[in-house]
Amino acid sequence: MERRSILKGAAGSAVIASTLGLPAIAQAQGRKILVIAAGQDIPNFDPHVATGYSASMLHRNTYDGLVRVVGAPPKVVPHLASSWTISPNGLEYVFKLNTAAKFHDGTPVTAHAVAYSFKRTLRLGKGNAWMIAGVVDPNGIEAVDVQTVRFKLLKPFAPFLSVLPWQFIVNPVLVETNKGSDDGQEFLRKNIAGSGRFKIKRAEAGNLYEFERVASPWLAGGNLDGAIWKIVRETSSQRLMVARGEVHFAVDLTSEDMDSLKDNPAVVRVLEPEFRTFSIKMNTAHGPLADINVRKAISHVFNYQGMLDAAGYAQLMVGPLPPGLMNDPKLKVPRTDLEMAKRYLAKSKYPNGGIKLTMVYVTGLEQQRRWSLVLLDSLKKLGIELEIKPTLWPDMVASTKTPQTTADFFPVYQTGNYADPDNVAFASYHSSRNGNWQNPVYNNPKVDALINKGRGEIDPKKRAAIYAELQQVLVDDAPDIFGVLEKRRLAYRKDVQNFVFTPVASNAIELQNLSLK
Amino acid sequence: MSSTLDQGAEMSLLHIQNLHLSMHSFEGDAHVLNGVELKIEKGQIWGLAGETGCGKSITGLSISRLVNTPPARYLDGQILFNGRDVLKLKESDMRQLRGREIGMIFQDPTTNLNPVLRVGEQIADVAYEIGRIAPEILGLTATARASQRKKAAQKLGVDMLERVGIANAAQRARDYPHQFSGGMRQRVLIAMALVGQPKLLIADEPTTALDVTLQAQVLKLLSELVSSSGTAVLMITHNLGAVAQICSHVAVMYAGHVVESGLTQEVLSHPQHPYTRALIAALPKPGIQRGTLSTLPGRVPNLIDPPPGCRFAPRCAQASHECTLAVPALVGKSDTHRIACVHVQPEVFA
Amino acid sequence: MNESQAWARAYYRLRQNWLSLVGLVLVVFLLVVALAGNQLAPYPEHISGSVDTAMRFQAPSSAHWMGTNEMGQDVLSLVLGGARISLFGGLAVVVLAAVVGTMVGAVAGYFGGWTDEVLMRLADLKLTLPGLILAMAVAAALGAGTMNMVLAISLSWWPGFARLVRGEVISKREEVYVLAARALGAGSVRIMWRHILPNILSPIIVKMSLDVGFAVLTVASLGFVGIGVKPPTPEWGLMLSTARGFLPDYWWTAIFPGLAIFLTVLSFNLLGDGLRDVLDPRSRR
Amino acid sequence: MLHYIVRRILLLLPVLLGLSMMVFAIGRLLPGDPVLLAAGPNATKEEVAALAVEFGLDKPVAVQYWNYLTGLLHGDWGRSLQSRGPVLEDLKVFLPATLELVLAAMLIAVVFGILLGLLAAVKRNGWIDYSVRLVSLASISMPRFFLGLLLQLVFAMWLGWASLGGRFPLIASPPPLVTGMLTIDSLLAGDLPSFLLALQYLALPAMAMSLSPLATITRMMRASTMEVLQQDYMLTARALGIPPGKLLRKYVLRNALTSTLTVIGLYFGWLLGGTVLVESVFDWPGIGLYATKAIMMQDFMPIMGVVLTIGTLFVTFNLLIDLLYGVINPKVRLG
């Protein structure tokens, strides 16, 4: 930017600028503090209740799970559990715990603590419990001895190891003493009872959360003394702060932010595909979109290129499931084809359109606003009118209770918490999730059966065949407009060392091995 | 414009010569002062009488150069105060005169005192500023420090309040203007005007806003204070009764021009100018019957395009063509009685 | 002072203050733009929501005087389209508030007694509450849409008019012609409608013209916070808040909507100031 | 004077009562179901019903209001969905930030407003007067949030002199908490570097906030100063030799201030409610931002808490201004 550099040059010489000396990240009194700018607050610390990437970041650094996930494609590595054995029928898992692991108050992490934590998760049924509900039998969790814990599953569950990084172990002594009337939820909402490398030093709701490395962590790594999770709502502010060195990490950047960071030597840009799909769900149970031909027509009139342009760093979805999760190369998803769209419409109840559909999106989510405009523009070609209603998140969630109250189009981000096709398939298309925002209305017994089969199948080749068939059925049924896979858009300062990208909640930064030059 | 000094005669305290002034307004430029002539010597008490709008107040304000220019503009003439033309002075020099040499009192006592400051403080402020130029007024030498001057000013202020007849002045000085009656406030204003022992006191309608009993008291107070200190007074009023009561001399103005001036006794008992005669005739005298008050026909001329020559001509019974040729000069054998009318020759009257 | 001279003096004062003339010209221009926004816009289809994603973030050029935004839409067309919402939104708020406020004020002023006390305390209380936050809460609760927004804002706008009208009515109530009308047996409604209201019209008009500017500002504020109109309707506040993320690189997407808000508010203020001098000289500047 | 103050304070109570009633009514009238939202998306019917009882929504409105009122007095201002914590705690954290911003803005507005107003009135109809009038009219029309963006664009993005947002550098430890206002706390702690840092973060938002009150105070001050200049006592003082400096400082200022004071009082209240936009531009963690997030989440308790706080502060501050008015204007004080 020619003009800007002149201004900057002129300012550089300005006396005021030098005296004020913008507070770049001063190594405060020599302590190495990593500052992360993020847009999401952490209203609740409880590892068995809170969800969202901000809460995940807190849990990852202050609690431990039996195993961790590292690298891309994500690989399961030992953590609290140093080794484990799986029974041939896949129904029994036995974990050997690492004796060095201990909680912040110095007491060791025992098998009892592990069992206690899983039982509490299933009892509360909140947070990440849905990953193991109906899979792990609460009575089937047994502390064989201080170091060994056995899990009996209700039915074989291939992705079991992939979900474990989301199940965190709490210190039973602390939780029991502060049990209160809600199973310790009030206590754990604001306090940490974990074994992670860091603990909370300062928490200002809505503003910032300061982490501090514990005195003698049971696992070494990285040279950070602490970190700050700073809430910065505006992505452009995050981008400018990382560009000017006010923060080390910016985790919620838009494509425009990434463009403007392109030629900044001091910033590393992370643009990696992730298991995060965006699709526009159609109301298959109520209203004009119950007619499959209308859905097919809309799937073919939609301006996919327009959506991609508006998304920036992203790639179009090639199937209902994210690529790399047993995706079927032969699968053909609809692309913009006005002739085909008109042919389908002719076969439908509304041959020349003339209908008015409604779409809701979350007020404030810029990307969803843009894609709703792309849909509006596309539908015009079929003579279909679209009323776009920006809605507050609580109202949107409440509207998915029944098909009648659900809008014709309902945009959904689906994040693959664990690197397994079941994760997205179950959450997005299984009828048991009806009435919930992830899959408000879609109910297809054939699809349900395939998903359940896929969950239970251990043999990788058979599993691949099941998911291939599932995706073909979904494409034929066209319950959604299959949108884009947004690339993860992160940026961090050059002086941050050994950051490893993992496409699973990668904006929940793991401080474990990070260092500052 | 005759700028030569008035050689022979001993320098008079105030000499207004041929003063012309125009006032800009929405409708156009009004020629408010049309050659005012006035000479005041030390110790004399002059009345400046005339109907509302004849320019007497503006003349008074001009002496202390308090008329804002714009919208006013001095077209011609001089105002010599102790021989120095006030219109030419620098503002800083003019400020030296105000309060120290020329005191002023205005009409409405309710609005001429600052409502949010204590009375004592207001009079002390005036005394303090005068003390800066003439420390002797405060009984101090030039080297006095500001704090000394402040205390002395406060003391002088209280003394003056006592001299104008305000009981236990020390406490009352701490009160605010709204805690004083109209008459008392006028006394405070008189005290403020005279605290600097000025040579000339200009009083613009000092008693008009007061009821009759208070008027007499204030006028008596004024004349006592002035006679003891030898201060000359220019009292601007439309009340010939007040003039008769305390003024030694009087000047009658009509439409921006002095038409007759001289000893009060002389002018009021033998008025020569038709306008003065009409003015005096209009005064109600004890024992007159109802309905016999004589009034003056016609209206005060519009000053934007004033009648040529003598502006009283349109309303004057003896008016003739000659009157319209030029503005008649104010002439007379001596200062005891001068007249500005073509038809009245100076030798005719004493 | 006969009729023609009164107008001459009024015209003189308005002309003397050429600023309000500038305001008048600007306001007329804005009304034209609001009415004929679509016709004037170089790319009218963008106003109704069509997009051209290939042409994203074009800098101002001959093709696009104000450049293009994140969806490739022409910013100039959107600004012209946005004039309708902002202007009519502002006008609607003020008219609604004026009607409600005048009724409340007239009743309170005319009847006095406890009705006056109750209504005026209600109005005073309303003034102590933060208007913007209330408008946001109500607009968010009612859901997006221009009418909801207008309703939400005028909810906290009417007290201003109520207080003004009450004062005027109280002063006019004692006038002779009102007493005369009452003496002739006119009902209170008739008196208010035929006698009092026509005579207090000018201060109301002055306040309305001054308030429109600030109403437009409030409409834009709601838009900026993200509550307000439903896409694809262009609205300056929303455009500014969306474009905020594109500073400083794509500055034109933010600067032009912001300037549009500023100019509209300024022109109404200029006109209002001028009108106040002409119609309501008592409260001169 | 004392009974004058006591009388005014007693008058305050019914107003505050009326305020709480109005806020409660607004809370109840707003569409949207607070219980459903509090219960959360995946709550069962029974859970929602149980919560309704816990919220006391099953009781008649009058009882609900009484519970709300007594709750207010005992510090229970309801719980916030966002922070799950009591609203009063949140307000204690966020209110000082807003107060600091408003006080700084008012300080700038009052100081410069009075100076500019005096200057414009004295130099009446000169080019200074004319430009001051034009600029102040433009300033009133300038939307605060747009001005904030422009300030950010110029001073933070291009020139890099000021920070982009937030209240204090993240790394530096904030001064010990006394008033919650960083500038004042750092002064109390005698910690100059922190004070300068806090000032640098406060600068841009305060400037953005102060423009419209500054313009209004200038216009008010100009009008009242011109009024005072034409008073008779000014002519008397001038005629008796009071120098222009003292005339302005003492004779004009005090009189002109009396009428401008009420505007300053009103503006403080309006600003309190108006910080929403500047706070969102500068990410300033005050009650404005807190209210905006609460509105986005349809979280009623915080909204009512913020509105009640601002209403109460507005009324109290106006009382202070009236009392100050009494001090400056003796006629009012001594009756």
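What to note about this one:
Note that the chains are named A, B, C and D in the order they appear, and that numbering of residues resets to 1 at the start of each chain.
Keep in mind that, in the parts below, a residue touches a chain if its C-beta (ideal position, glycine included) is under 8 Å from a C-beta of that chain, and two chains touch if they have at least 3 such contacts.
Computed from a predicted structure; not experimentally measured.
Between chain B and chain C, the least number of touch steps comes to 2.
Chain centres were defined as the mean of their Cα atoms; on that basis the chain farthest from chain D turns out to be B. For the pair chain C and chain D, the distance between mean C-alpha positions equals 24 Å. Each chain gets a centre from the mean of its Cα atoms; for chain A and chain B, those two points are 91 Å apart. Work out the mean CA point of chain A and of chain D, and you get 40 Å between them.
Averaging Cα coordinates per chain places chain A and chain C 45 Å apart.
Touching two or more other chains at once are residues 32, 157-158, 280, 296, 298 of chain D. Listed for chain B are no residues, as none touches two or more other chains. Taken residue by residue, chain C touches two or more other chains at 140, 226-227, 244, 247-248, whereas all remaining positions touch fewer. Those chain pairs judged to touch are A-C, A-D, B-D, C-D.
For chain C in complex with chain D, the touching residues are 19, 121, 124-126, 128-134, 136-138, 140-142, 213, 217, 220-221, 224-227, 240-241, 244, 247-248, 251, 254, 258, 261-262, 265-266, 268-270, 273, 284-285. Looking at the complex, you find that chain D touches chain A at residues 32-33, 36-37, 41-42, 82-85, 90, 93-94, 156-161, 163-166, 169-173, 197, 200, 280, 283, 285, 289-290, 293, 296-298. Within the complex formed with chain C, the residues of chain A that make contact are 1, 4, 234-236, 254, 256-257, 259-260, 303, 305-306, 309-310, 363-364, 366, 369-370, 372-374, 376-377, 380, 387-392, 395. Those residues of chain D lying in contact with chain C across their complex are 15, 18-19, 22-23, 26, 30-32, 133-134, 137-138, 140-143, 145-146, 149-150, 152-153, 157-158, 219, 222-223, 269-270, 272-274, 276-277, 280-281, 288, 291-292, 295-296, 298, 303, 306-307, 310-311, 314-315.
Chain contact summary for the complex, chain A toward chain D: residues 4, 7-8, 11, 14, 16-17, 20, 22-23, 25-26, 28, 33, 35, 41, 43-44, 189-190, 204-208, 228, 230-234, 237, 240-241, 244, 246-247, 363-364, 392-395, 397-398, 436-437.
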